[in-house]
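Okay, structure first, notes after.
In this document, chain identifiers A, B and C correspond to the written order of the chains, with residue numbering beginning at 1 in each.
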Amino acid sequence: MTEQTHFVEIRHAQKSFGTLEVLKDISLNVERGQIVGIIGSSGSGKSTLLRAINDLDPLTGGEIWLDGVQVNKTLPHRQYEIHINEMRQHVGMVFQHFNLFPHMTARENVTMAPKLLKSLYQAEADKLAEEQLDKVGMLERIDYYPSQLSGGQKQRVAIARALAMQPKLMLFDEATSALDPELVEEVNMVMKKLAEEHMTMIIVTHEMDFAASVCDRVLFMDKGVVVEEGPPSVLFKKPTQDRTRAFLRKHIEGAS
Amino acid sequence: MGLDFSIIPKYVDIILLGVGWTVGITVAAALLSFVGGIIFAVIALYAPWLVRQPFRLIEWVFMGTPLLLQLFLIYFGLVQIGIDLPAFVAGIIGLGLHFAVYNSELIQTAILAVDKGQMEAARTLGCSRGQALRKVVIPQAVRAVIPPIGNNMIALLKDSALVSVIGVSELTLSAQRVIGKTYRPFEFYLLAAAFYYVINLCMEWVQRKIERRISISR
Amino acid sequence: MDIDLMLKVYPFFLEAAWVTILLSVLTAILGLICGTLGAAARLSRFALFRFLGAAYVSVFRGTPALIQLFILYLGGPQIGIQLDAFEAGVIGLGINAGAYMTETIRGAIIAIDKGQREAARTLGLSSWQATYKVILPQAARLMVRPLGVNLNMLIKATALVAAIAVVELTYTAQRYIGSTYKPFEMFLLAGILYMIIIYVTGRGVAWLDRKVQIT
């Protein structure tokens, strides 16, 4: 295989669950600082692709490279565990349902992994928590438990938690889909701020407006393949494929 | 023969000493059953097959036979293999293991019920499976089972009366000793029952306090 | 393991197992009666009954069954109650089990009561009719499984009567441990018999549960 030249490189990704093929030979490159949006209806494989990048749903074929290292390389089980845990420390992930740890305060949610994996002292960890929670505008709620926060607040803490590991890449899996409409904006603001800081991000979303405003490039996926990709100005305004047009018509009308 | 409660004050110190032992044995056995319950649950769920299966069999035996019978086995069995423990230690081990099995059942269910996303979130931060279990999944499972485990601990208090049968001088045996002297079983068993009832009420009160405290972090 | 010894004494264990079964059956019947009365009292319109029901549950669940047995069997004669050990065992354990069953039965009724009573009343049924025609039939289904748990606990609790010298399984095991110094073998004999009784009962409850769920 050739040397990797892109920051994130997905080569011929293939994934099946039993006989069901959810990803069919997908290749994708992302450069450092780029923001890539993935859109598509549910069951299109967009979440599976995202979750394959940090090996939550391991591929059944193909390769994923991140910053010169292959994520899904073949190793004996024990070594692979060590390798993947190391890789995941560089990839932040934000989930649709936040997955905050309910038994920990916002501070503890943010500091748990850095303390455990980077052996930070309590004082350093506290400073880190304050910085990250300040960044997402949640500093005042630092000692609140998730049960005391709104959905948007939870998601902002979840973003801070991911950022605290100083990731090279952030993955967003429908980060605003579970939120009440009035809470979506506060999370989008945080994501926009990250975009301005040139964080590399891959964003699975169903919000076309948001994808259009922050992404450098948007992919439309359907039935396990990338149907069409391009800058949002092109993909949203002048899609070339029928399937893309049908999807966009439904979603942009549906939204308005 | 009639009833005569006026002789109670004369022997109340013996009974109170018994209360002290009952509380001590209950607390010690409760701690053992809690820690043991977590360890058993992890073994039952995650140990290799060869360890897990015999272990499940032992759990099944513990759940299918009376505690009193198990106490006899532990007390006399240990003597037979040359370990001569004081009766109260055998009692604590017997009670502790018995309830550890029941706690383990609760904790296993709770671990399996912790949302899959919690494990995923910890893994995406770079935690190993073991770290994720230890820091994220098990603490949540333990919080979820605190109310039913509290009920088990209250049951443990009442079952601690059984260790009187292997000669531990707790509340029940203390009452028996006094009755041996006074021939007043009704009065002194009733007194013992009253003490158990009060300890029981205290435990229920503590249980409610704890439940209220943890409700926010669930 | 001393198999010869086990073979020699197992007939005595079998005999004792019948006593345990008889104890369990009688205790379960008395427990169900007490539990039904207790639940009726706790759900009564009259505050006095509700209080008595609650006190029954609280006191009998709040103190050790062993002490209750001792009060009844050893203290009973002082207040004019003369029972033999077996009778005292059945009555003592039955009343104790009844306290637990009260909560089971009450729980099932409350679970159904909420919407169903209103629905029945709006159709014009009286309170009694609503209870008998609508709530109880549904609650009965809900009770089977938790009453099965009560029954399981009750069977194991019959071991307590060993402490008042009723010759059932645990007492037999205890006696043979004392005379043979083979605790493991004796435990095994008694334990297997207990597990058979509990297994069969459990299957019976599961069967009944399936049966009432279909209808």
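Operating definition for what follows: a residue touches a chain if its C-beta (ideal position, glycine included) is under 8 Å from a C-beta of that chain, and two chains touch if they have at least 3 such contacts.
Not measured: the values here are computed from a predicted model.
A.B. asks: Which chain is most remote from subunit C in terms of Cα centres?
C.D. replies: The most distant chain relative to subunit C turns out to be A.
A.B. asks: Mind having a look at which chain is the central one, using mean CA positions?
C.D. replies: Central chain: B.
A.B. asks: Between subunit B and subunit C, what is the separation of their C-alpha centroids in Å?
C.D. replies: Taking the average C-alpha coordinate of subunit B and of subunit C, the gap between them is 21 Å.
A.B. asks: In whole angstrom, how far does the Cα centroid of subunit A sit from the Cα centroid of subunit B?
C.D. replies: Inter-chain centre distance comes to 46 Å.
A.B. asks: Where the centres are mean C-alpha positions, what is the separation of subunit A from subunit C, in Å?
C.D. replies: Subunit A and subunit C have C-alpha centres separated by 56 Å.
A.B. asks: Could you please specify the touching residues of subunit A with respect to subunit B in the complex?
C.D. replies: 54, 56, 81, 85-89, 91-93, 95, 97, 99-105, 112-113, 116-117, 145, 147-148, 158, 161-162, 165
A.B. asks: Would you mind writing out the residues of subunit C in touch with subunit B in their complex?
C.D. replies: 59, 62-68, 70-71, 74-79, 156-160, 162-163, 169-170, 173-174, 177, 181-184, 186-187, 190-191, 194-195, 198-199
A.B. asks: Where on subunit B does subunit A make contact in their complex?
C.D. replies: Its residues touching subunit A are 115, 117-118, 120-129, 131, 135-136, 139-140, 143, 216-218.
A.B. asks: What residues on subunit B touch subunit C, complex-wise?
C.D. replies: 1-3, 60-61, 64-70, 72-73, 76-77, 79-80, 158-162, 164-165, 172, 175, 179, 184-187, 189-190, 192-193, 196-197, 200-201
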